[in-house]
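Here it is, the structure, as structure tokens.
Order as written gives the chain letters A, B, C, D and E; numbering starts at 1 within each chain.
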Amino acid sequence: MLLFNQLETYLYLALVLFGIGLYGVLARRNLIAVLISVELILNAASINFMAFNRFLAPHPAVGQIITLFIMAVAAAEAAIALSIIIAVYRKLRSINVEHATELRG
Amino acid sequence: MAPVDWIFYACLATVGLPLLAFGVIMIFTWRKPQLSLAISLVCSTIPLIIAWILFYTLRDATLAQPIIRQVNWMVSDTVIVPFGFLLDPVSLLMLAIVGTISWLIQIYSIGYMGGDPGFGRYYADLSLFAMSMLSLVSASGMLQLFISWELVGLSSYLLIGFWYEKFSASEAGKKAFVVTRFGDIGFFMGLVFLTYYLKDINLFGLGIADINSAAIAHKLTEAQITLCALLIFCGISGKSAQFPIHVWLPDAMEGPTPVSALLHSATMVAAGVFLMTRLFPFFAGSPTAMTWILLIATITLLLSSTIGMVARDIKQVWAYSTVSQLGFMAMGLAAAGLAGSTMFAGYYHLTTHAAFKALLFLCAGVFIHHFGTNDFFVMSKQGGRKLLIPMVTVTIGALALSGIFPFAGFFSKEAILGVLWSLPNKLWVGLGLFGAFLTAYYTFRVIFVLLFPRPDGHPAWEEFKDELEAASGGHGHGHASHGHEEEAHGHGGHEEHHGVPWVMAFPLIVLAGFTLILGFYQAPLEKFLTGESHPHEMNYLLLVLAVGCALGGIGLAWLDWGRRGAAWQGFIRKMPVLENFFIQKWYMDHFWRWFLNRFIYGTFSRICTYNDRRVVDGGVDAVAFSCIGSGRLLSLIQTALLQLNLLFMVLVLAGVGIYLLMGR
Amino acid sequence: MSSLISPQSMASGAFILVLGITVLGALIAVAAKNIFHNVLGLALALIGVAGVFLYLNSPFVALMEILIYVGAICIAICFAIMLSEPLYLPGPPRNLLKVIGALVGAGAVFVFFALLVKKTSWLPAAERSQDWSVTTLGHYLLTNYALIFEVISLLLLVAMLGAIVIARGGRGSS
Amino acid sequence: MKMLLFGPELYFLGMALVFFGFSLRRQPQVETEYRAALFLSGVGVLVAVFCLCQQGDIFFKAYRVDLFSQIFKAALALGLFLVLMISRDPAQIETRYRAEFYLFLTTCTLGMMMLVSSVELLTIYVSLELSSYSLYILVPLRRGDGIDVEAGIKYLFIGAVSSGFMLFGLSYIFGATHTTYLAEILPRMPALIQSPIGLVGLLLTMAGFFFKLSLFPFHFWAPDVYQGAANQVTTFIATASKAAAVALLLRLAVLGSKYGYSFAQALVFLSIISMTLGNLVAIIQKDFKRMLAYSSIAHAGYVLMGVLTFQEAGYTSAIYYALAYLIMNFTVFMVLSEVASDGRDLKISELAGLYQRSPLLSMSLILGIFALAGVPPSIGFTGKLLLFTSAMNQGYFFLVLIGAVNGTVSLYYYLRVVYAAYFVEPGDLPPIKLSLPTRALNWAMCGLIIFFGVFPDRVLELARAAVKMVL
Amino acid sequence: MTEHLASFPILTCMLLSPVVGLFILLFLKEEWGLMIRMVSLVSAGVSFALAIYTFVAYDKSLGGLQFVEKYEWVKAFGITYFVGVEGINAPLLLLTGIVIFTGVLTMWELQERVKEYFIFQLALVTGVFGVFMSYDMFFFFLFYEIAVVPMYILILIWGSTRKIYAAMKLTLYLMAGSGLIIPGILLLYSTSGLFTFNMLQLHGVQFAPWVQKLTFVFMYLGFGVLAGVWPFHTWSPVGHVAAPTAVSMLHAGVLMKLGSFAILRVAMYLCPHGFQYWAQFMALLAATGIVYGVFVGLAQTDLKYVIGYSSVSHMGIVGLGLATGTVDGLNGAVFQMFAHGVMTALFFSAVGYIYDRTHTRDIHELGGFSKIMPVASAFFITAALCGAGVPGMASFWAELLVLIAAVKVFPIRGLFAIAALVIGALFALRVVQNSFFNAPNPKFEHFEDVSPFLGLPRMILIGFLIFFGLFPQVMVSMIKSSIIPFIQGM
């Protein structure tokens, strides 16, 4: 059985991406880097969809469409996130997440 | 349930009217002395009349077939409290006595209490007192009796503490109430046990007749009787001041003197002995109990007589004489129970005692009222003997008290000593005689001091100097304070010069009359009370002994106080230790005070309070604070760091997920 | 010998390459200190993902992936980088504790999902159509998913407006 | 007819377009915009109520219109209207952004409306994102000194991560059931009982809504956002979006009902932790909005009690409670934003002497607070008791016990608010002038709280009928 | 239990008249003081009159539930509006009527924030009436909490000593109690399988023993907190001290009765086995409370603390009566609820009057007060004597019944309780003597005594005490008429 013909391969790949992305979200200070990691997470999800679509789904169109929509959502998310990040930078003079510590308790 | 006929309503009126008077005066007219007086008098005269009518009409009722008229007062499931009246010779006689004496005292008080700011309240309380005593003596059921018993305690509390601004007065009132209450708890427990043991005959509540018949019919084992009898005797000894809870009675003279008269003769203290008479068959069912009671009574007798020897306050002397006489009665009853004879002796003594003790107190009242002091030495210094009527009557009373022929006391004491004599153990009668001796001694100590004051400058006065100053001030004050009251009711006005207003003299004379005649009614009374009067053979030895003791006492008193050139010092002065012991009233008060402070206030109360503040309440607060603390702790999770929060969230999520995966 | 260059083996070799690119890119995207390297890493990873999509035989989506992500998002991110912090500033040093925490968190989630994937038996659907044409895709977009198609446009509009409003504000003048 | 089925959505879409138009203007006309917003949203409520009894599937069964969805749509429209009622002059929103402010509120409402009646995973996801993004934008719209953007960024990333999880969950469900239609997923769920995939997938999917409901452990945004956002925005977040989240949780929980114990177990765990944590931490809060945030965390736990019964009764009471929560929470926030008319963050101590400054407000405050605390006679009490009842019917004794004890704990901080408002003297604070509409609104709110607390029957019947649509 | 429907909704009127008054008050101006007072007086008076009417018109021979009103409320959850009167709650309704009516009169002189005060007080009273008359557990609990919560504000605003602490403590404590009650009620509801809150129907169900034991202990503790069961009593003295006069009256007079009534009506009625299981425990706590209360009270110097602890002791007597589970015991317990209610109301209204004048409640500082205010002191003294269990007062009969029953069932504990009575007398008299019978304190010479109008409420209370003291049968037969079926039902 070939590697690329196995569902699990893709699922684990997605997991790896997800994990890496999550690590980024948890570890990086730079808000933009955090955003990048979030993008990775979304991609991991879409790999899942595509894989299921390829190997299991009754109709191959559905998964692709979902992936497309995820891309669009990701784009929108990126736009908003970036604009907020810029606002953060303007107000706090920094995009280091650890400098946004007004609200606590 | 016997039919409700005129007897019932008559008794109801007897009991109800004074209560009505109390209510009316307390709520409406307590600010108006005259009106209150009128109401109270009316409401005590009618019962008096009714009582005598009943006494006359129902004279052929017997102990065996008492007349019972009752209705249900409260019916719970097994607890049934009837309200009704049980009329037999005992209660009929007592009704008459109580009615008469309380009426006389109300008359007397017009003079004595006149002008007192609390006049109305005083009469209200008197009415309440009369009512509770009347319902006590005529109660048909034990619970009703207990209720009136409590009411007696309450009204005595109100009356003793009548001058409540005086701390000692209110203290004495409290003491009386609490101490008697202490006994009553025993009484109540005894009743509860009785209801417990006598479940089956509980149809009409705890009828007195039921108890006696049950005891006679051996429905109760002797052990049960002993237990209940002793418990009930706690109540009795509370009311009629038996050792060791007699301590309230001497203090009770803090109240107005007429009240003491009422208290000491016919009502409060009589209640105890009356109850014992009432339940005589029941008590007789347990020799053990009777022996204990006899012992206690004897102790009481000796204790009080010895204290009486050293008292300086005339009322206190009479008070201790009361205690001793009560002991005497209890001895008589207990002995009768042991010897298997009737309760007549004790009860007869109660009757006569009621007459002459009221007399003595009223006389004392006249002296106090006139001289404004309680110290009979001071009285004699200020010429007590010039007050003719009281001087004569008090002497009569004293003679009766010390049991001199032909006064009433003689006969009743004879009866009791007779019963004691019939006991196998002659120690008791010996002690009884000794008590009689002491009684005579301290009684005549007072009389002689009053009759034969020493001339001024006599060395005997030295030890009373300070009291004399105080009193002479007090005396003047006394006149000042009572001056206006003579105008308050004019009829007393013109008797002022020879001292005694008629309203006060009249009762003295009546009572003196009773004291004189009652003795000769022994046989008919015995017939009336016990059904048969066996003309018991004269026991001349005992007769001689008794009279000898009395006369001996008087003689000793004459030696110490009466005769010209007497030292005016009790022979007891020769043994200072003993004297001091007596003056300190055998340290009973100290004991109780110590007990109260040490245990009730000092230990339990303190411990409970501490526990309440610290442990119970503290625990509650601790819980609350721990909530706040944990909140503060948990709020640390909400750090300001975004990623820390995210980490937490992710970990929880993964944890839950992995847990779920482990499951399957 | 022939097996080495057989389409099968070439395919798998290429696949492994693609996987490598993806993971490597992802690692760069999160691990590198310089933010620009992160973006480049992201682009690399996305290209890898596009390759993966090729293997999942949908070239169309792969194309879209490259267009939208690499073409749009990464550029946008670059602009954001320009607008925000100057690059020459040295980033703060790594906080070891934080890294460990992040590793633990990510690891936990990874384990969780891995277990999940392992424990699950993936069953294909009973009957599966093999119609991979883009036409059907478009047809589906306009029928079954027409609603979402509209909503997405609204979503993008909202995002744009929002981006403008938020990013424009504060400059004082408008 | 189809148009009517899609009526409310279309209407709000149009409304959004109107505000889009406004936003293009060069010179903002605050009054006109506000009037338009108020009027349009008012009509929106009418439209939503008018479409209440619509029923049918549209967009190829991706979108179901039934009583369940319509009730929530009406609630959402009402929520929007109420929020607009109190945003006559949201001081913290710059005047030039008013149009956008209304616009995003509208789009958010629209997104949630589509959310409540979409029965297809992708639709759910996208409409969820639509509503979330509008909120992400609204939060940093506040004129602030940094806490606004901080709140915004935290909100955004926590939301992004949870939606990432949700997406993963969706993908697994898709993989396991080969479809994205709830109607088709439901029958295939039982086949998956052996393998955990369905269960976990479902939980992950729900995570997205746990996040909206601010349920533990997805609650971290709530305090910061509540405090950081403008009062009106907070109000909207705290009222309308919760209702939508509850609706979706109910829809999704139906899928899990077959799993019974282990699924319920997880929810019970979350519910208990959530209510306990929320209540305990709320005790020590000083800022009013922050305290309310924690109380909302606790309330999320309560609502979940209804969800995890998988029973008609539980769902009914959950719906009732969601609506009740909308009303009572709004009442409190209304008072808050009237007292803090300059849009500042209100300390609890700043409520001092409200009984003198405005008796009416203090009355609404005490009613709202007591309703939140579950004190009768109020919707809060009735709702909470019904939730407990239905949970107990499923035998969750200790859950109910803990819930009840939590009620006591929560009373402590609610009473502190009452204490400040009724006992502390105002000092030199001026009395608060209320406009006529506001007074009317106050009376109306008090009336609703009491009336539906004492006569819950109608609402419950409605909710019951709605639940029948879902189960 | 047989039910006799009401021809005219008397109970609803009794319940609603405070509500109506409350709503009228909402729209009155703070300035119209007399108007406000009149409105609240009238609304209280109406319910008082109706309470008396129900008490008199209740047909003992017929027995069972009378004046019943029943409406479907929430079908989905089996909630019915179900109110009625029987021998057990008729006295308590009467008690509530008395206390609220006299309470309003007592607070006649209140000056600050009158409107709010009466609003909250009427709300509270509504709750109390509701609890006593409702036979549906949902409404029972609803009214129960309505009765508890307004207390917070009433104490907080119009209270005195340490009111902030006291108000919070009291409310939280009682609410914690209801936190235990809810699971109890709901467990019955769910295990009954009937899905109804109707107590009568639930009574028909034979609950499993474990359910009964669990439910009973939860309810006993929950309601016991309000009933001042030792050791959950500490809120009550603090609360009494802090609360304004009429609130103390309502609180000690009526609210604590809610707890004991609920133990009787819900816990014992619905879980007889549970009761049998826990009876010993109940008796133990009750007896401890009786003895403990008097001992702690002996050490107090604040009049209200004294009263507070005396009510701990007296409520212990109620608890003991309940624990016996015999007809006598329960009669006594219910009677004691009534008697103690009136008595404590009298206590507090007397103390309240004195405190309003002198602003002290220290028994030593008051010293000899009956010289200055004979009438006011007379009220207090009457209450004190009643508390000391003097015959002729209502509470004597109650204690008599309870104690006799108790000794039969729990001899030792019963004897302890009896022995505590003497301390009780000491306790009452100590207070009376120190604060009223003594040398008067010159500081207070100038105060004038109670005016007849202000005396009226106290006179009413005394009147009821003495009436039922002289004619206990009126009350006992009433109570008995439903206690006997109650016991048979258990």
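Observations on the model:
Definition applied: a residue touches a chain if its C-beta (ideal position, glycine included) is under 8 Å from a C-beta of that chain, and two chains touch if they have at least 3 such contacts.
Because the structure is a prediction, the values reported are computed rather than measured.
Annotation of subunit A and subunit D: jointly contacted by B, C, touch as defined at the top.
Annotation: B-E is the more contact-rich of the chain pairs B-E and A-B, by number of C-beta pairs in contact. Chain centroids computed from C-alpha atoms place E closest to the centre of all protein C-alpha atoms shown. The mean-CA centres of subunit A and subunit E are about 65 angstrom from one another, to the nearest whole unit. Subunit B and subunit C have CA centres that are 104 Å apart. Work out the mean CA point of subunit C and of subunit D, and you get 32 Å between them. Averaging C-alpha coordinates per chain places the centre of subunit B 78 Å away from that of subunit D.
For subunit D, the set of residues touching two or more other chains reads 122, 126, 129, 133, 136-137, 140, 152-154, 157, 161, 168, 172, 175, 178, 195-196, 200, 223, 284, 412. Counting partner chains per residue, subunit E shows two or more touched chains at residues 172. Residues of subunit B found to touch two or more other chains are 624, 635, 638, 642-643, 646-647, 650, 653, 657, 661, 664. Pairwise chain contacts in this structure: A-B, A-C, A-D, B-C, B-D, B-E, C-D, D-E. Residue ranges on subunit C touching subunit D, taken from their complex, read 113, 116, 119-122, 125, 143-148, 151-152, 154-155, 158-159, 161-162, 165-166, 169, 174.
Remark: subunit D residues 313, 316, 355, 366, 370, 375-377, 381, 385-386, 388-389, 392-393, 395, 397, 400-401, 404-405, 407-408, 411-412, 415, 418-419, 422-423, 456-457, 460-461, 464 touch subunit E in the complex.
Subunit D makes touch with subunit A in their complex at residues 122, 125-126, 129, 133, 136-137, 140, 144-154, 156-157, 160-161, 164, 167-168, 170-172, 174-175, 178-180, 223-224, 227-228, 284-285, 290. The part of subunit B that touches subunit C in the complex is made up of residues 643-644, 646-647, 650-651, 653-655, 657-658, 661, 664.
By the touch criterion stated above, subunit A contacts subunit B in their complex at residues 22, 25-27, 97-98, 100-105.
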